[in-house]
Structure formats: structure tokens, C-alpha cells
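Shared between the two complexes below is subunit A, which has subunit B as its partner in the first and subunit C in the second.
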Partner chain A sequence: MPVTSLSRRTLLKASAALAGTVAMPSIVRAAPKEIVIGGPAGAAKYFNESVFPLLKQKLGVTVLYEGTNSLTNLQKMQADKAAPKFSVVIMDDPVMIRAAAEGLIVPMQASAIPNLGKLVPGAVHLDGMWANYQLPWAGIAYNTKSGAPTSWADMWAPSHKGKVIVPSIQNTEGFWNLLIAAHLETGKPLAEAQYDIDAGFRKLKSLVPSLLNVYTNAPQAMNLLEQGEADMIGGQFSAYTLTRKMDGAPVDLAIPKEGGFAMPSGIAKITGGPASDLADAVIDAFLGPDVQQVLATKAVVTPTNLTTPRPAGYPDPATLFAPDWGFVAKERGKWAERWTTELL
Partner chain B sequence: MAGLTRERRTAYLLGLPAALITAALFLVPLALLFAVSFTGADGFSLSAYARLFGSEHYLWVIGNSLQLALITTLVTLVIAYPASFAIARAKGVWRSLLLGSLLLPLAASVIVKAFAWTILLRSTGIVNNTLIALGLIHEPIRMIFTETALVIGAVNVFLPFMILPIFAVVAQMDERLTEAAATLGAGPVAAFWRVTVPVTLPGVIAGIALVFSLTVSAYVVPTLLIGERYPTLPSTIAKAYLLTNEGSFGAAAGVVLLTIALAVVIVSSRLGKAPGAAR
Partner chain C sequence: MKTAALILSAVLAVAACVFLLAPLVVVVLASFSPTPVFDLPTTGASLRWYGRIANLEGFWPALGLSIEVAAVSTALALVVGTLAAIAAVRGALPYADAFAALLVSPLMMPGLVLGIALLQYFRAVGFDAPLAGLLVAHLIVTLPYVARTMIAGLSRFDFTLIDAALTLGCTWRQAIFKVMVPALAPSFLIAGLFAFLASFDNYPVSIFLTDVRTKTLPIKMLQYIEEAPDPTIAAVSSLILLGTIVLLIIADRAVGLSRMAGTSD
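Right, the complex of A and B next:
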């Protein structure tokens, strides 16, 4: 007897849940069919070719993509604050931090975006303000003729004098060298060394005179690496380096023994943006396994959804260090000033 | 008298649309830039200027910008002056060929030109290979991302802006002037300094003003040819607006840059007029 009553309840629950899941997409389908997403210009090609057709198929939504650099999109968001045009924005964390501080993006709710709860630890930032839908990994990009570096300390080796390039602190990837320099100088683990950026500046200062260049323009730096003019670029990442390797360039990306880093590629919901439900559905799709699988192969990035199979040879996101972005946000302006006035 | 006033009034009326456009597109933004540069956390403040002129670093940055502009202007002048005479004296096809080779590269983006120099100057590039083949050096010397490379690139990009104004004056110059000087007993050197130079001076002045103000405000060329280790005023402005979000500091750097460029234009045009006025 108890068995039947239990199964009836279970049946009731199950049918309610089924009705819920069936009804949700139909609500979404009844809503506007177009959505505007702001994001990086560099991603436009694989988004348009591989990701957006998938969204159209799954959600019936047509994406209008505004691909430019993050800071331009931030300015558009500031200008349209009263009547936002974007529903969803895709940007690097440093810019997300500014958008969050200005109230331009709104925290995402796990009730509306279930995949938020299925991400690797550290992929959701500032209580859901934004989430990482992919993790390009950073290490040392090197020319295959000069050999793979095994330690970050190799950048300081006299044999590579005049052959090392580092990114500017203006670029997101510029932070990694500061962090690893703090680790090398203090010997503390990365989790502690990230708060001792003074040490990072001291150590990095000893590298500056023997650098080939400090770049803000990544394609130029990559070109010099491919031509063998540079041996390595410290802090470069997979989405840039390994896509060039796929095209046949003599470059590769090493994760030295001290570890590699998780580059922050975030997706967020615009405060008061149009088609709120649709925005949730699109963000959920970006955080789900289907879209992430496509991104993993097209952009050479590690998926953040725990259920997405990771392609062979891709590092486990758990082994990549993700810094305390709140601290970075607070200090970044100061570091930028010190980088200019003390380091160069 | 009444007619003159009416004429003048008509002239003012006709000039009004242009004046309004100029005011809206140039004067108002400049006034805004100026105003923003004097703001701080609570209203009026000189803090942006105090930071620019009070720190050794930013004085060095201003010095970098001035040094690059000065050297580039001098080098382009030395190349452009004889080149202008060569083009002006050339006849027919030669003249078209020379002018074409000067003007055509202007159509190529400055990014392409700057990028091209990093290819030419790299250790396996054509410049190093040629020097090694000639036996002048034994192993490649580092040329990219040096101040020398920066000046070479800047001279290449801005040379036409020195040649064109000088060429325009030289092409108009009456060749009989030097003959007249010779008839009056002046040797070639005296004729050059006392006749040719004063006559071509307005072109030289215009060229100096153009090249100096273009170089002092150049952003792409220093960014691609030397990078962050040679910070200039334009790169400081870009950083203030795009990275550190300090509008008033960026505006102050912009005002300083504008002041330098204006000062050079004004001083050089004064200098240009002086010898003519004395004669």
C-alpha cells in the first residue's frame, strides 16, 4: 500500500517537473525572437559560424552580435544605461569589474540559469555578477625551435636575453607575469603571493632591461614569436597561441612547473536589458555543455561546465590558478600607475 | 562707407555657417577638454597638472615626446630640403615618378608601414642581412624596439609632410633669382644663404610645423615600433582614458600636448616672418 501512495506522489511530482521543463522553453519561444549580445570582435567568427546557429536551433533565437573591444562595449553600455540595447554582454573580467561597479550588469539567478550551479569552482564571480563560459589557459608561448620552457624562471635566463616579450598590464594577460614574479620572488604559493604584488614588481623590474618588448598589440608580438625574433611570450594564452599552432605556425604553449592560469572570459546579464527571460536562456546555453563543446574545439579553450567532456591534452581547470578578482579590481588602477612609473 | 559696411555684413553672414560648424566641432570640444583638465574629486583642481609636472616620470614622458618630435623634424628636414629641389627641377616623367613615389605611400595605412619596419629591421631582416653581406657587421644587431628604429619609422611616415610644402615653394621659385644674385657678385654659398633660403623659408616653416605637430601627437608609430618602454604623451592619454579611467588626467595631458604643438606652430611662423620683415 505505502508503495502505491508513494509512487502516486512521485508521479505527481514528476509530472509537475515535466510540465515545468516543457513550459519554460515555450514561454521563452513566445518572447521576442531577437537578442543583442555585445562581445569581443575576435570571437565573432566562431560565434557566428558555430555558436549562434546552435542557439537558433535550441532556443529559436536570432542573435545580433556587436563585436568590438570590451572597452568600447562598456562605453556603449554607459551611454545606453537608461534604455539598454544589449541583453547580454561578453567581456574580460577587468572590464566586467568596472561594469559591475557601475551597476551596468545585474546578478544572475541560479533559478533562471540552472547551469550556473554546474560550473567549475571559481567560475562564478561577485555572487553571480558574471560567470566564465570558457577558460582559455595561460602559460608561456614559445617558438618550437627555441625549446619548451619548463619554469617561469626561464624567462630570466641569460640565454634568452633580448628574446622575451611580455604583455602590458593594459592587457588582461599582463597580470600573470606580475603574479608569477611575486611567487618567484617570495617563494610563497600563488594563493598567497597574489597579495604580495610589491615583490612582483621587484622581481619583474630585473626582467625589463633584457626584454625584447612590452606589447599592447598581441598579433604583432605573436608575429615576432612565429618568426623566431622572440623565444617566448610570458603570460600568453591558448585562444591566441594554440589557434596559431592549429594554422601551422611553429609555436606552442607551455604550462611551466609552477602552474598555468585561467584567463577570464565572462558572460553577464545587462541591468534592465530587453528580453530578460531570453537573456537568461542564452546565458544558460553559453554555460551548458553543447555550446561549450563547440567553443572548446573552435577557440581552444577549457570548458567550465563540469559535464562537458574536456578534449585530450587540455588542462584540468582545477589545476589552473584563478586569482582573487575582487582584489585585482581594487588594486589594478594602482598597479597600472606603478607599471608605468616604476617598471618601464 | 555704407556700401562697405553692407559688404562686410554680407561677408560675415556668408561666413556664419562655417563659423558655427567650427565652433561646434572644434571650439566647444576644446573648451570642454580644457575644463575637464581642471577638475578633481570636488570641483576645480590643479591636481592633474601637479601630477604631470610634479613627477619625474611624467616629465620624462613629456621629454620623450619632445625628443622624438625634434629629432624626426630635423632628420626629415635634412632629407626633404634637397629632395624638394630634385623633384622641382625634374622634368616630365621623372617628376611624375618622383612625386608618385612620394604620394602613393600616403595611401598605405600607418599601421602597415610601422609593421613593415619591424619586418625589415629584425635580426634576420633585409637590413641586418645586407650589413652582414657587406661585411660591416659580423652578427645581427638588435634594431627593433630601439629609439633608432622609432626615428627611422617616424621619418619614413612623416617625410612627405616636410617635402610637400617645401616642394610647393621651390616649384614656384624664380630660378633667375640665383642668377641675379650671381650677376650681383654673390658666390654660390652666399646666393644660397641670402637668396634661396629666405625665399624657401615659408615652405620650411610649414613643413616643420606639420611634421613636429604630427610626430609629437603620434600614437600608432611609437606603439608599434618601440612599445611601452618609451612612453609618450599620446600613450599616456590613451592609458588614462582606456585603462585607469582618469578623464581629467588624460585631458590635462591632452592640453599639454596641444600647447606644445601650438607653441611650435606659432613660434615657427613668427621666425618665418622675421627675416622677410627685416629685409
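Right, the complex of A and C next:
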């Protein structure tokens, strides 16, 4: 029966290939102490290079990091609600507010996370739902060849026509341009102007001729800025712009005379996530002085732990405006719609 | 007149080649940038971004996984695809043409559609093994390349040669391995090469089926771009380009590029 012997041989080959598949090392790679953290893609570099090795050394835990933007991580958390994959999530406040409202994150206890009690005022939100582990500051990122802007109004200057980039309203830093536009249009202080979004959209419409691009993906925009295709990116922040400056790119971050802003980077525990104790330990480390010291220098952010000294030259968070994120979280969906219909 | 037309077509051919290759040239040049800006270098050259590759977080596991998945899915596709091609060419199947079209149909489908469909399907049937799922998906991606090439190769193969070998004293097995396999070796090589490359650089299907522990190189590369817009990614791309060129040179020596491009006979 020659034909049978052929098919048997083929079958044997196939099953050998299958056995090889099953025996692949990737399957048995799972280490005993492992934790999955979801967070922003832009933070992956300094997390992987500086923070996670420290966590490994201090807690013996291997961190698997899923870096993407906050809203994508929120969608993943919603999809995996029944069986969460993340133990800890790192997102900006406006997205945290939605995660908390949907029960995706769970309040943290000071008994398990002692550093919760050692943070600057205002860093712990909704009775421990999430806490700010760092405060990057936002201003105008600029190419050093085109000179530092002194006022937010410089973005509207004819000399920069077609050379300005702004983040999309979908990105947390997209709000700063809307806010400052409302301020410039109405002349009201930021605390009042932040609720006058109509005025913000009016003023932003006059920025359209100056725009080179609107980004949701920061690296592409930063590349245009570094190459000199763009002069400035309004609303960019220290943890991204100044880390590129540190790597040697010809960019810098200006805090214009109207003021800069405090970016809200939060960390939270996932409801029903795996390895609950490890999650507490990792969050405590993020809120502790050792990790925050590393973040301050590697990510160029202001620490939130009171015992961590603020490096020289970093702005005092008290001088940075922090908006009503609850309002932003509630309204952002509507703004996103107006953004595409009215501006683009 | 004829000369003018020939010159015009030659110019167009060169222009098309320049158009196709220019982006690759830019990527290779940018990979030697001495500055951290992804830009054409104007102030000298440096190998620093190549030096960084080895220390990239998760690079080696991702490369290993991509090679594993590409090799295993190619091996499976070669076996399954060849058998299916024999059935299509020789099996006297009813609707053999429709069957052959069905075999290559995943090629016509946008990768994203295939990826989403597979994700939904795996979830629906409760199949939750990322690596196995990825392999099945890549088998679907690679199978059409093998099936198409093998159908073409087998339709040129004279099956009476097997009868001749049997008459001349070969056993069935000898006839297959001494006559059929060597005659089809170029087809196997071409099919394997295309299948491997199709799997190795697949992004749209993989993106839906990878998770935090199972990331292939293309997925990881996009992540590196999101982390920092520096020329590291250009260096990785240049190395992949180099690897592909080496593979093509080997294939050219073994089979001949004209045969691979389907421009011979």
C-alpha cells in the first residue's frame, strides 16, 4: 500500500511540526512573579529602561507592559472586565474618571499602600480610586532653531503659518490648546475660561491656517518638529519633549507667560485583576521616593511624593494650572465631535 | 518609432524602480544618522542605532517568535498546501477550479478583515491560546502562497515520469523522492520563501491575535516607533532588508530570480 505509506509519512511530518509547536519555549516562558501593567506607549521607554529593572530588584517582580494610548487601554479593560489581564493601569485623570465610573478600577487602601499617605495634596482622587505618581508639565514644544515662543498667542503668529502642530482632543494634552484658546478669546482667567469651550472653538478655528498637522500619534508629530518641518507643538509636555531633548534632539519645552499646565498621570488598581498583593506592592513602589526619583530624572517629571526632592529648574506644580478634569471627562466626547466637524 | 517606444518603456521601467526603491534608500540612510532625529544624515554617519538594537526591550523574544511562527507556519503550509495542490491538479475533484480559487482566497481578503474575523471566531468557540491562534492565522496567511506556487509547479510537472520511474524499478516512495520532489524543488523553495516572508512581516492579522506575552517583530517594531521617533527602527528595518536580500540571493543561486518572478518560460 504505497499510497498509505506516503500519507502516513506526511501525517508524521505534520504531527512532528505540531509537536514542535507545542514544545516551543515561548509557552513555558511564564515566570512565577509576573504582573501586567497597562499604560501609555510614550512611557514604555523609560519604564522599561529605568523603572521596571528597579521593581525587579526591589520586589523581584517581572513587569509585562502593554503600552498604548489611554482610551485604547480603557477599551481593553472594558472588553476584559470579566477576566482582567491587567493588574495595574496607568492612565491620565480624565480617562481614570471614566474607568472609576464603570467600576473597572478599585479603591486602593492605605494599609496596603502606605505611600498613599505621603503624597502632595490633591494627588489622591475619589478616596483612593487612583493617585498621581508623577506630574509632567505642559507648554509649547519648539524646534530650537525656530526660537522659543514666549506667549501662547505666538502659535497664531503669521510667521509660523503652516508650521504649527496640535494634539487631537482625543489626547489628554489636546485639551490645553482648547483651554488656552478660550482664555485668549475671552480674556478670562484660566479657571473661568475652562468652562467657555465655545469661545475656545471660535479661537481655535482661526488657528487652522497655521496648522501643519493634528496628531493622535505623538512620535510622528515629534519627528516633524525635530526635522524642522514644524516650528512648534502646542500643549506638548515634559515627559515626552524633554526626554527627546535629553536624547539629543533639537527640541525644547517653553512655559509661555500665560502659564503652563500640570499633566495628570495616574496609577490605579484593576477591579478583580490578577496578583492583587503584587499590584499593591507595585503601586506603592510607583508612589515611593525611589521610583519617583528615577522618574524625575529619566522622564523629566515633577515627583508627587513629599519626600522626593524636586530637581532644580523644574517648575513648582503649584504654579501650574490644573483644570476641572471631571468636566473634561464629561464633555470630551462632544468636543471630539465638534473637533472633527468644525476644525478639520 | 519603435526605438522611441523602447526608450520610453525603459525610462518608465527605471522610474518605477526608483519610485519603489527610494523609500528603502531613505530608511537605510536614516539608519546611519549620527543624531537622534529620524532624518537624512548630513553631518556624517554613525552605527549607534545598530548598537542599540541588541538592547531593545523585548527585541530578541519578538524576533525569535517571528522566526518560530514563520518557520512552523511555512512548514505546515508546505505540507498542507502541496497536498491540496495535488488534489486540485490531479485529484479529478469536481469543481477543481473553484477549489483552487478557494485555496488562494485569503490573498484577496484584506488582512484586517481576516484578523478581526479570526479573533471573533476564536472567542466564539472559546479558543484562548495566543500562540496556537497566531499559528493557525499565519497558516491561513501562508497557505495561498504555497498553494498557488505548487498548483503552477504541478501543472507543469509531467506525472507520467512517475509511471516511468515505477516501470524502471523504483518503489512508489523512491519515485516520489527521486523524481517528483527534485523536479518540484524550485517550486518548494519559492513557495517556502514567499510563505516565510509573508508570515514574518505580517502585521494586520497578527495585531488582533498577539497579547502582551506573545508579540511578533512587526508588532514590536510599531511599538518602538510609538516610544521614541529615533532612527533605531530604521536600523532594524535595514537589517531586515539585508536579510531579505541575502535570502533572495540564495534563492537566485538555487533557482533563478526569473523563475521566482514568473517571467521565465
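In this text, the second predicted complex is superposed on the first by the 293 of 344 C-alpha atoms of A that agree within 3 Å, B and C clash if a C-alpha of one lies under 4 Å from a C-alpha of the other, contacts with A are read in each partner's own complex, and residues count from 1 in each chain.
Convention: contacts are C-beta pairs under 8 Å (C-beta built on N, C-alpha and C of every residue); 3 or more make two chains touch, one makes a residue touch a chain.
Keep in mind the model is a prediction, meaning the values are calculated, not measured.
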Message = Taking the superposition on A as described, I'd like to know which of subunit B and subunit C A:337 touches: first, second, both or neither.
response = first
Ask   = Which partner does A:42 contact after superposing on A: first (subunit B), second (subunit C), both, neither?
value = second
Ask   = Touch check for A:66: first (subunit B), second (subunit C), both, or neither?
value = second
Request  = With the two complexes superposed on chain A, say which partner A:248 touches: subunit B (first), subunit C (second), both, or neither.
outcome  = second
Task = Considering only touches as defined above, state whether A:217 meets subunit B (first), subunit C (second), both or neither.
result = both
Inquiry  = I'd like to know which partner A:227 touches here: subunit B for first, subunit C for second, both or neither.
reply    = both
Task = Would you check which partner chain A:85 touches, where first means subunit B only, second means subunit C only, and both and neither mean what they say?
result = second
Inquiry  = For A:168 in the superposed arrangement: first (subunit B), second (subunit C), both or neither?
reply    = first
Request  = State whether subunit B or subunit C is in contact with more residues of subunit A in the superposed arrangement.
outcome  = C
Key: Touching both subunit B and subunit C, residues of subunit A   = 217, 220, 223, 227
Task = Please name which positions on subunit A make contact with subunit B in the complex.
result = 71, 98, 162, 168-170, 208, 211-217, 220, 223-224, 227-229, 333, 336-337, 340-341, 344
Message = Help me check something: in the complex, which residues belonging to subunit C touch subunit A?
response = 35-39, 57-58, 61, 64-65, 68, 72, 75-76, 79-80, 83, 131-132, 135, 171-173, 176, 211-214, 223, 225-230
Note = subunit B residues touching subunit A in their complex are 55, 57, 115, 118, 122-124, 142, 144-145, 223-224, 226-229, 231, 236, 239, 242-245
Key: Interfacial residue positions of subunit A with respect to subunit C in the complex   = 2-3, 5-6, 10, 13-14, 17-18, 20-21, 24, 26-27, 29-30, 36, 41-42, 44-45, 48-49, 64-68, 85, 217-220, 222-223, 226-227, 243-244, 247-250
